[in-house]
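Below are structures written as structure tokens.
Two complexes follow with subunit A in common, the first pairing it with subunit B and the second with subunit C.
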Partner chain A sequence: MSSVSTAATNESADVPPDGPSGERPDQRRLRPGQGWARFLREHGVYVALGLLVLYNVLFTAHFNNVATIQLLFAQLPPVLLVSLGMAMVIGTGGIDLSVGATMAIASAVMAKLVAPASANGLAQPIFLAITLGIGAGLVVGVFNGVVVAVAKVQPIVATLSLLVAGRGIALVITGGALVELFVPFLKVIRQGQLFGIPYVMWVAAILTVAVAVVVRRTTFGYRLVAIGGNLRASVLAGIPVRRTLITVYAISGVLAAIAGEIATARLRASDPSYIGLLVELAAITAVVVGGTPLSGGRVRIVGTVAGVVLMQMLATTLVAHNIPNSVSQIVEGVIIVAAVYIQRVARSSA
Partner chain B sequence: MTAVPTVPPTVPPTGQPVHLIPAAEHGSSARAARARALTSLISRNGAVAVLILVMIVGSATVPTFGTADNLRNTALAASFLAIIAAGMTFVIISGGIDLSVGSVYALAVILSAEMSKYGSVAAIVVPILACVLVGLVQGFVIARLGLPPFIVTLAGLTGIRGLVFFITNEGNDHPSVPGSQFFETLGTGSLLTIGNPVWITLIVFAVGWWVLNRTAFGQAVQAVGGNDTAAGLMGLPVRRVKMTVYAISGFTVGVSGVLSTALSGGGQEARVGNAYELSAIAAVVIGGTLLAGGVGSIVGTLAGITLLYVIQNLIVQGFNLNSYVQQVVSGFFLLIVVVLQAVLSRRSASG
Partner chain C sequence: MLSVRGATKRFGGATALSGVDIDLFPGEVHALVGENGAGKSTLIKLMTGVYQSDAGEVRHRGEVVHFPSPREAQLAGIQTIYQEVHLAPQLSIARNVFLGRERTRFGALDLRRMNREAAELLDRYGIVADVRRPLGELGLGIQQMVAVARAVSTDASVVIMDEPTSSLEPREVDKLLEVVGLLRQQGVAVVYVSHKLDEVFRACDKITVLRDGRLVWTGATRETTRRQLISRMLGREASDLESGLRTQLGNRRPPADQPPVLTAAHLQRRFVLEDISVVVRPGEVVGLAGLLGSGRSETVKAIFGALPLDSGTVTVAGHPLTRATPASRIRAGVGMLPEDRKAEGLIPELSIRDNIGLAALPHFSVAGFVSRRKQGEIVEVFMKRLRIKASGPDQKVAELSGGNQQKVLLARMLCLNPKVLLLDEPTRGIDVGAKAEVQTLISELAEKGLGVVLISSELEEVVEGSDSVLVLRDGACLGSLFGDDISEDAIMNMIAGAAEQEMVADETQAVAQ
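Let's turn to the complex of A and B:
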């Protein structure tokens, strides 16, 4: 947070003051490793992903077959969708800790509606249940957005309160129990494929493209990045800050709700105490590893996708090599710090 | 042409005192000043006031709440997170955040139980040293390498939890304290019928208050949190202060973990302390410490954590509601507090 600015100031004190013409050739020598540092900052996640794939192809048994890829595709979508929303929120300089709880709420709403009366449900059609589950995510997202944009509470605390309360709400909806779901359509979500690729992966891919278009090609996308870059300047420039922020959190809520419903379909049940647990950490990790700075002002969609794939594949690789889960968690922690460190080194010397 | 009026000197001659305009006692500026003072009083002591109010209402409406036994047990239950929140207060006032406390707490709990077979001293010293070391490493990465505290301690949350699972054979071991050791009296013993952890909590907060408000280091922490560039220009050792606050957080988490093992006699799971960081941050924020840093109250933190536990206790005792309704109430309580804080502080800033 604020420590970055100090370090940057200290760093720049070591460098002679820039002339108005900018970079001089003799100055370039004073900043060692600028070439590779800049390259790593921009492309580090792809390099890491490439190396990991190469390693797996060479050394991991049963890696290069269709089943492994399909398993990866089946595991990715929930985290990917949540990470896309998280990337947008982080782009505005905020953070959304409530995504896991939102997944649980969407799952609980869907289960409550679709479950038969014998299981304390409302026996409604599945499509209505899915729609209202997504609607619940929208409500949570708008609520977050209003607390952040109108009440001007810091995003981390605003969404922290829903992280705590949201899972409680989901448990209240299902009565604290796991609700098993025997709906044919959920089997379609779980197993259906088009051109050998699961439906859920198609959904994730389409939504990824949609988010990328929104961020890169629409006024809304520019406003989002502007707010993250400089909030006060955005206000002065007449950007509708409140509306934009509320929309961003709403999108994050909707994406989390879809992720929650996909996770429910995979689990064949709604388990509010398990669905989406710790997904906020996985999503923040993927976004940060993908090169989106936590300080906002920049959203990297492709980098986020690569970050999700990288972290997922890393876990799979470690499991395939019989590395215990505890060690892979330690490795994950080291990777988070290393990824951000590389970006910082690059930023201060670029 | 000579009609240029002589400009009266705006700067008073040297030696003459500069007259300050006395504060108005009536009118809009006075109202604003009073509102500002009231707001600052509320945001600094709001948690204490609400706590007293909730205690009075609770004792009056819920007969089992005000009993000595219930209050004693609630205080004992709250003491572990309270000690953690004391360290968290330092980190947050310095402008940082420590998400790793839940995992580091688990490290202390497990290490204390593992080390107890080498005696009481090892069971106390080794876990606390390990936690201070974790804090120092995180502080080093944050202060020296300039990485955001949120990310570094998020990595700590993940990595240290992994380490705890590694030590406990993927969570299958539940190390317990062999026989009865001297250090267990720290957790199980009591003085004047109040459990030792409660007394230790009070000592931690008393020392914490003194360090924060009465020492140069405490002032430096507040200055760094207010504006670290300005603090650096004033000649404060910004990096050292930042490293130290994470070490303090590690220390308090270590003390809390050792006490927990001392009370339980070990046998706790590797996932112990999960989500403690959220409760600790919530308590600090409810206590009136701004997440932005620079402003905070350690007494408020004590009131904040007590408030969280008292409300939970009242829900269980008075309304007989289950744990997930407690979660909902705790979450929305936190939300109301932070919204009020935001609104009040904005009003005082614009007033």
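Let's turn to the complex of A and C:
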């Protein structure tokens, strides 16, 4: 009886296609439909990405050349890094709206330290500036984590405060102005390559693999997913919930800080009112489109990467076809709704 | 009133229901019984439009009907009350009673009228509650009663109750069965799904037994016995059940006189617990008896560090525990099985493997990395030992039956090798077979020297399973019973006695004034 009873609670999806004999053929035809719904939920982002690449190869002039692809990939790393942190935070059932402001703070801290005295800076070595910039991201992340995990403020509210205040802090640090940076090492970050691939891509790739390993293989990764899946149960199972949550937000802060420094290097300046602007929304979009549910309990790193590439390529494609910015924003909105809808349908039919 | 013919439903390749017939008549209470996964829920969902059947037909008042969604079924007068209350906890009781068919006046909500009508309705069914208060402030039991009142207030012709008593106290069950009786008098056809055969025999006129999605038996309640019914549900011979009829907790020798493994002394929390002390020796099962809200769950939660205390001490194996967090209590060798499996225990989207391994992660991690091999070995051992039925360790825990989910949670605690186990309603809402298995397991664990604290709403389970029983009421300890003194009567008397004393006290106070 066990096989029947488990299958009955099993509901639709996980049952192998060859059922008992003697059933009607129309039932058989129904099943690929269910399979498709499931396939789309799990792999929709890859399908969409594949279609978009195919479209570009066929219809977009100059898509098949190295420069276009390099440009595309040069724009990716900051959003990708922020999205990785966002995926982990969303996996715990939270959200981090402060990532854009964190990028600005890290950029401002770096600029203040490295800029010469004539530009109101401290004229410190660039490596110290980079390190302390990342340190600033860590501080912001820990602050978020403490507010969420210890003070038990809802994540959206806790991180909203820094979304609002963060850019102000960054402007105070730089003295309210854009700070231009003429540091040779930033040019290395901007243009340096290893095996024909930019350094920043290497950094992004290594951090992506690191985050994926952390999420899938470490105690910490198991715990963060459990917390997102059921917070009360996680507390009662003896999971160090506070420590785990603070660490998650801290990682998000550090990744955002690195993203902020890369963006600064590309811009050759620290502009607190521009760096990382609206990146939190781009990251949330990429994570959701990549198949990580906003309700938490699951983290999809590869999906997130695909989501980032998809959204970036979509923007590039629309620009290449001279479609106005307003329209491309609407298209992005449609894609977000579609991504969430696919997940929702799958859940309610299960 | 409502009849179903040849109902069949498949999910993917598996048949959940196959050619089932059921006939409901006005003024008749019809029990639907069977083990978990027998197809009870599927049948109900076919009748109420949640699922569409693959074959067969539903007739309502003689006509073939087709409900594309639950709303159509409700409009036709078929109301369902689920195991868990599906209402809005933030809204007032009155608003909940009229949810979806609010009384309005000039386009605005007529709160006064809703409050008045809701109060009348609740009063008719003997439910005492302030209808203006949010539903969520009430106990689960009263919430369930409100759900029943809501269903019957819609002039339903068919009321389907899916395990309505699984979270109710005995007293509340009585109340609910009274309401069921009223419905019968009003000529409503009632479908009553329950695991509790007591209730089935008390309240139902007819019984239908399902097993593996098939109709096994249907007939009048007076023509059958409990044992026959159980054997039909399990598909075993009645003689096999000889021992299974009683709970599996009995027949254990009393524990030797050893130093206590758990001492909780003078637990105190304002308005919740009042000077409660629990002592458990190795191999001893201490039952906590009392009604819902008596402080049973709060006591074990406090021992587990999940409920902050104003004062009181907890000592495990001679070591006083200072930090009151579940994590530190687990490290000290205390394990708890929470009362609310879904809300407090399971991580539904994760696999059996990850759910079992959750608390013990540090034990099979090296430098922060989880060893899948070590985790897999331990999980396999416990899946075998507790006989967890699943397609494999990677099956999602949400897909398991209640009994198997409970075993997963037990396994999560057992793989920590605890000294003390706190079990809050370990057999609630699980089928007869799994219940016996869990009870056997508890007694095996005690024999191996664990200290067990057992909470159960079923007095029988506490009485047969415990070496000593602590009786609680309103967060205070009324007294304790040992060995042969433990009986259902003794416990009831204790609780009733306290209630009487209170009444007398109130009266003298009134006289004095």
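Following the convention adopted for this analysis, the second predicted complex is superposed on the first by the 317 of 350 C-alpha atoms of A that agree within 3 Å, B and C clash if a C-alpha of one lies under 4 Å from a C-alpha of the other, contacts with A are read in each partner's own complex, and residues count from 1 in each chain.
In this text, contacts are C-beta pairs under 8 Å (C-beta built on N, C-alpha and C of every residue); 3 or more make two chains touch, one makes a residue touch a chain.
Computed from a prediction, not measured in an experiment: that's the story for all the values here.
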If you stack the two complexes on chain A, which partner ends up touching A:V188: first (subunit B), second (subunit C), both, or neither? neither
Touching partner for A:L122 - first (subunit B), second (subunit C), both, neither: neither
When the two structures are overlaid on chain A, which partner does A:G297 contact: first (subunit B), second (subunit C), both, or neither? second
Does subunit B (first) or subunit C (second) touch A:Q154, or do both, or does neither? first
Pick one for A:V235: touches subunit B only (first), subunit C only (second), both, or neither. second
With the two complexes superposed on chain A, say which partner A:G333 touches: subunit B (first), subunit C (second), both, or neither. first
Under the stated touch criterion, which partner chain does A:V288 make contact with: subunit B (first), subunit C (second), both, or neither? first
Subunit B versus subunit C as contact partner of A:N325, first or second or both or neither: first
Footprint overlap on subunit A, where subunit B in one structure and subunit C in the other make contact: 1-11
State the interface residues of subunit A toward subunit C in the complex, per the touch definition above. 1-20, 23, 27, 31, 34, 217-223, 225-226, 229-230, 232-240, 297-298
Can you list the residues on subunit C that touch subunit A in the complex? 10-16, 35-39, 42, 54, 211-213, 235, 304, 306, 326-327, 329-331, 336, 338, 343-350, 354, 357-359, 361-362, 365, 368-370, 389-391, 395, 399-401, 412
Across the complex, what residues on subunit B touch subunit A? 95-97, 141-143, 145-152, 154-166, 170-171, 228-229, 232, 238-239, 242, 278, 281-282, 285, 291-293, 322, 324-332, 334-335, 338-339, 341-343, 346
Contact footprint of subunit B on subunit A as seen in their complex: 1-11, 95, 147, 151-154, 156-158, 160-169, 171-172, 176, 281, 284-285, 288, 294-295, 324-334, 336-337, 340-341, 344, 348
